[in-house]
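Consider the two complexes below, in which chain A is the common component and chain B and chain C are the respective partners.
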Partner chain A sequence: MHPTRLLAALAVLAATVSAVPARADDVKLGSVAGATGPIAEIVAPILAARNLAAAHVNAQGGILGGNSLVLVLGDSQCDPKAAVDAAHKVVSLEQVVAVVGANCSGATNAMAQSVTIPAGIVSVSDASAAPSITALDDRDLVFRVAPSDTNKGAALARLAWDAGHRSLAVAHANDDYNSGIAEVFAATFVELGGTVTASEPHEPGKQSYRSEVAALAGAGEADALALFAYYGGSGISFLRNVLEADAFDTFLAADGMLDPSVIETLGAEALAGRLTIIQSDSDPENASLAAFAELYRAATDLDPNGPYVAHGYDATFLLALAIEKAGAADPSLISAALREIANAPGEVICPGEWEKAVALIAAGEDINYEGASGPVDFDAAGDIEGFYSINVVTPEGTFEKRPLK
Partner chain B sequence: MMEFLNFYLFPGILLGCIYALGAIGISLTFGILRFSNFAHGDTMVLGVYITLSFVWLTDLHPLVVMPLAMALTAFAMLGMDRAFFKPFRKSPPIMSVIASFGLMLMIRSAVQFFWGTQIQAMVKGIQPPLQWLQPLMLREKQLYILGGTVILMVAMHLLLTRTKIGKAMRAVSDNPDLAALTGINTERVVQATWILGASLAVAAGVFLALDTQVETNMGFKMLLPMFAAAILGGIGKPYGAVLGGMVIGIVEEVSAYPWIGTTPLLNPGYKAGVAFAIMVLMLIWRPQGLLRGRQF
Partner chain C sequence: MDLGLIIYLMSLLTMGGIYAVLALGLNVQWGFTGLFNAGIAGFLAVGAYTQAILTTPIDRDHLGAYDWPIPLAMVVAMVFSAIVAFAIAKICIRLRSDYLAIATIGIAEILRLVFKNELWATNGPRGVSQIPKAFEGVRFADIDWLTGDLSGWAALRYEAVSRGWMDVPLPTPEERFLTAGLFLGMVVAIVLVLYIALEAARKSPWGRTMSAIRDNETAASAAGKDIEAFRLESFVLGAAMMGLGGAILAQYLKQIDPQVADPLTATFLVWVMLIAGGSANNKGAILGAVLMYAVWSGTEILSQKLLTFLSSDTVGLLTLAEAGEWSIRFAYLRVFLIGLILQFILQRRPQGLLPEKRPKPRPKPSPRSAPEAEKTGSTQA
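Showing the complex of A and B:
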């Protein structure tokens, strides 16, 4: 299917999902996502995964005794201001029980601080990785199934060190996610004994980054460039200017750059073997992932292994389980219930096993959801442990993925 | 020295060319129709996506199919003028400004709906610098942009100075009441303005897409620097818009050069602010612009 037509179809699908008139006894869950904006193509499969989780709930008997679970979409555009508007819409207007989202860290931070925490609403993000989210004063309301970049940035730095790089230049877009991972990355690399020749923030959304590139290249000889940016914000433009100036040979990046359009626009021959992207991923040996992948492939023609797709399913399914566990669509009960159903002990529940979970909850038994993205056991800050994969560009113009142990 | 030319001055000139082409339309619309056309940036986007579609269909170079896209976009703009701006011709300008704002959002949403929000490449891959120009680092596409801009500027100059409609446009821009009294058909002048403005905007957009990439919000990103260029040059003065565009493009890029010491004079992150600093200073000290445009 042509990507544009696919996107248009998804947009229409998302619109119809949110446009279904809600009945009084429907259970409404906010779904705040960057459906448009700089990572729209990454978000589309995540949204499909969230919708799939809701579809499973509704197909297997519904929630809270046969009611339907309705996802109310709010477009956060990967932007803090738009995220606050979108969250207001779903929380104040639609009166949702809890919120799935947002995706981008800047959006999640803004949404949590301005809307969901003051309103006492639990939010579970499926893609926000900035370390700053851990430190939010959130009265135990902000959770995420995306691992914090504290570990991912460090893992990428060790990878760079092991690959023989001893001096690096760092460029990052000045938003919460990209600044966060850049900081951890640079600090770890220096701890390992490496040199960071320059660490420069840049403003996303500009047409040309040639002077930024010249400043980085002028800061001294570096083995590689670590570029932390959203591909549609500044990532592709920045990388193009770097390649045109022939300023660096090797590039390191994180999830925000993991989209096929990077290769499509810049060309495989320019990137093959030179661009390495680290990704928060699921352990391929995780049985839940295989179950999810099968269900996801049956429902859509999208890739279940894309960035944060499994996480999108888990975040939605977890909140549905928490509502069922709480026994009422009452926002104040969700936080405690979420920890009970996500963490051990309890009977293991895998993706798609809604009926089984409902029966166990009704029987008063403990359950422990083991997600497609990992065991999703929340710590005190509402964070989880991560698992990472490495993607390199092949000469054929695809990303080749391997797990990082 | 080479570093200055390759990484600061040439990118500045290229950006200036693109700003200049875009600013002409804004300046002329302001001069002749008397409102700031916020939809100008998205007219550019529409033209770029039409060009992109022709490239997909025919596999020709974007510059070959660009004239066709210019014509189609100009035609679309005439239709939109009739639908959205003509009813407000005799109303206060703020009506047209708001209408243009709405039109901006409508065009962008339509483009996003039909073509998607995915980033596209007008020409895929990375172009190496031309060997025969070494050590200057200029790429083929950049020579096209420079050459294309010069050709379009000369064409615009001839149109404005040698043709009847061009002279009428300048007359209406200078003094609409006097122009109407002398029997100039203002509706025809308005149409010519849309055609010229939209065509040059499409050219600016395609040049920008050649140098960077195609995305649905590229027009909006360009809107503010183009306004700054139009104001700097003098509202209603097409030559002023060219001058203003070049100045803003060059100053934006060159401001990040390490003039003193080894660090950039101005952190590149702030270079967008340069255009506005110039615009604000200009409005305070010389509101008529470099070329004595309209004053407020």
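Showing the complex of A and C:
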């Protein structure tokens, strides 16, 4: 085929499809996520949660007087290059009211600085935990419902100290998320008076981690191993090598490791009572989490307790509420409205309670969304404090969850 | 056309232009000389990190706070890339094509891992943030349109830096259009300058020696050419251009981390661009870069529009919830599509959209001074 003819054919196809108008009053939210790329398997359930939130809005009467809430996906691939491109598509081309995302901190940083902040668009990330996002000069436009690593790493360090550990070995996957937690974790643990015998980064995706395990085991006697990794990237392989070498008795981890496949692959008998995973979470006594878990299970066959799944729902639902509160699909009103509906005081709204929230907003009353991931009360920097729970492996091969007070 | 669409198209062209710089660099190496460089990402990363570290006004957990002027840092980024390329070329330029490919893949990975692990210099996987961007914060009032004087803007930028980065009012859509347009103008100007220079080089005795080496090394060597020196020159020149591409990319994104040097989008995609556009043809390299990037980025819009179409009230094949599920699956479509296009082009147009055009030997001024390079350059048609 002649190149010009090929080009012409492509142009005609593009024109045909884009000529079809979206429903005029659709309210568009950008949904920027690493749908492909290195953490695609973690992002898929998060996207399902975002879509569920939009489905709840649409099933319960719609937004701004009966309009549909439409999520426009932009694939950020966990890469700053792709994130900027995806953000341009949703912000400049689709002219969304606000953006949910991105997931990876590097993607969120690039997207916010290059596109959403200059355009005056609010973004709410559901999984970015890097402290550098707090430091952005963002005109109150960048929010996140995932707690910063600073908080999570410190919480896990205190947990380890309270559990009686005095010396630890630290292993972490060398990506932005896990190395950040590991850094804060080690610093806090040393501050509390503990000893870190060794801190060993490793590259995800390798076949074997025997040499890293040997280096950690050889660095001196430690009470436990703190492992920060994504289960699919390196976590399971690393833990398998540790178990084979019988190098440590007790393991601590963060929510990148929280997946049933860890127990399925390595066996409940090997992990029961030995593996503790800390998770950004909701207070289990909080009705929101139970409500969300039930709704999520009803809609998908995925696990509502997966990493940042509840956060994905909350970020989307919060933005929908903020638009309803603002009373118009106007990006400049979202930031202030978001704080009003997320923070106390006000009538408590739980996941799925869209109709109730709309009625309250229409009546002019204050609402306070209590998310599945936590109370989601934003501080001055647009961050949340976070609530944590710990998961221990039972002999039956399940995770038993306890709140961490 | 509304402003949003124009700003998006400008972002498309800007990234296309940055990829064109990379593709032109690869064209010097592969198209001209036949050097199989599979480590484009590595040189890109050297340029990007040099730019980021030299210009970023705040050193948050990394080497920096030098606050260099942007153009100077871009030149130094090229020089650093060239130095790294020179060191590598000294060791492995004599390797034949496929071995050189293996060596460069390895070197790119080494560079990426160095940037990922040297936390003190690069902040590791978290990357460098708040990188200054050329023409950022320009307002209409800052420019004297008659003389093109930007000094008003320069004063504004430095004031902004001292007050805390970005502590200036948010730009209006028209101002976003202006800054994006100026940045795009810079990228286009760079591509044009490189294009003109490379066209001149291609037609020169130097360029024809390069194609002689590519097509028949033994013959070129028999004609008295120092093959190794020419290969080294070509490798270093191409790498410097890749470094420049990285320096522009760092500004454009304002945030870089090791994922920027991801082999799929920083090496493989550039190869697809050059092959599709037509290797050894500078116009082809530019066309391939812009076209392939438009496909890479545009397929997502098309798939989103398609889903809107299918879930619209008139068609109604999908519910909104189903459209949401499908959009996740469609995200993989473009990776597939790029592969498909490469297959198609290799099958139907193995020389690319714009095949190589050999320079015509210049009319000889006198029979005695006919350079031998011309003969070797035109033996293989």
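Note that the second predicted complex is superposed on the first by the 289 of 405 C-alpha atoms of A that agree within 3 Å, B and C clash if a C-alpha of one lies under 4 Å from a C-alpha of the other, contacts with A are read in each partner's own complex, and residues count from 1 in each chain.
Just so it is clear, a residue touches a chain if its C-beta (ideal position, glycine included) is under 8 Å from a C-beta of that chain, and two chains touch if they have at least 3 such contacts.
Small disclaimer: the values here were computed from a predicted structure and weren't measured.
In the overlay built on the shared chain, the residue A:His56 is in contact with neither chain B nor chain C. Looking at the shared chain after the overlay, A:Glu203 reaches both chain B and chain C.
Legend: residue contacts after superposition of the two complexes on their common chain; A:His311 is shown touching neither chain B nor chain C. When both complexes are overlaid on chain A, the residue A:Lys325 reaches neither chain B nor chain C. When the two complexes are overlaid on their common chain A, residue A:Thr36 makes contact with chain B and with chain C alike. Between chain B and chain C, the partner in contact with more residues of chain A is C.
In the superposition on chain A, A:Ala119 contacts chain C only, with no contact to chain B. Once chain A of one complex is fitted onto chain A of the other, the partner contacts of A:Asn174 extend to both chain B and chain C.
When the two complexes are overlaid on their common chain A, residue A:Leu73 makes contact with chain C while staying clear of chain B. Of the two partner chains placed around the shared chain by superposition, chain B is the only one that A:Ala245 touches, whereas chain C remains out of contact. Common to the chain B-facing and chain C-facing surfaces of chain A are residues 3, 36, 174, 201, 203. The touching residues of chain A, counted against chain B in their complex, run 3-5, 7-8, 11, 36-37, 40-41, 174, 200-203, 205-215, 218, 231-232, 236-237, 240, 243-245, 261, 264-267, 269-270. Interface residues of chain B facing chain A in the complex, by the touch rule stated above, are 3, 6-8, 11, 15, 112-121, 124-127, 129, 137, 139, 208, 211-213, 215, 217-218, 221-222, 253, 256-258, 262-264, 268-272. Those residues of chain A whose C-beta lies close enough to touch chain C in the complex are 1, 3, 13-14, 17-18, 20-23, 35-36, 38, 44, 47-48, 50-51, 54-55, 58, 68, 70-75, 77-82, 84-86, 88-89, 91-95, 104-106, 109-110, 113-114, 117-120, 130, 132, 135-137, 139, 174-176, 179-180, 201, 203.
Taken in their complex, chain C has these residues touching chain A: 4-5, 7-8, 11-12, 15, 60, 113, 116-117, 124-127, 129-130, 133, 164-167, 170-171, 173, 176, 249, 252-257, 259-260, 262, 265, 297-298, 300-302, 304-306, 308-309, 312-315, 320-321, 324-325, 327-328, 331-332, 334-335, 348-349, 353.
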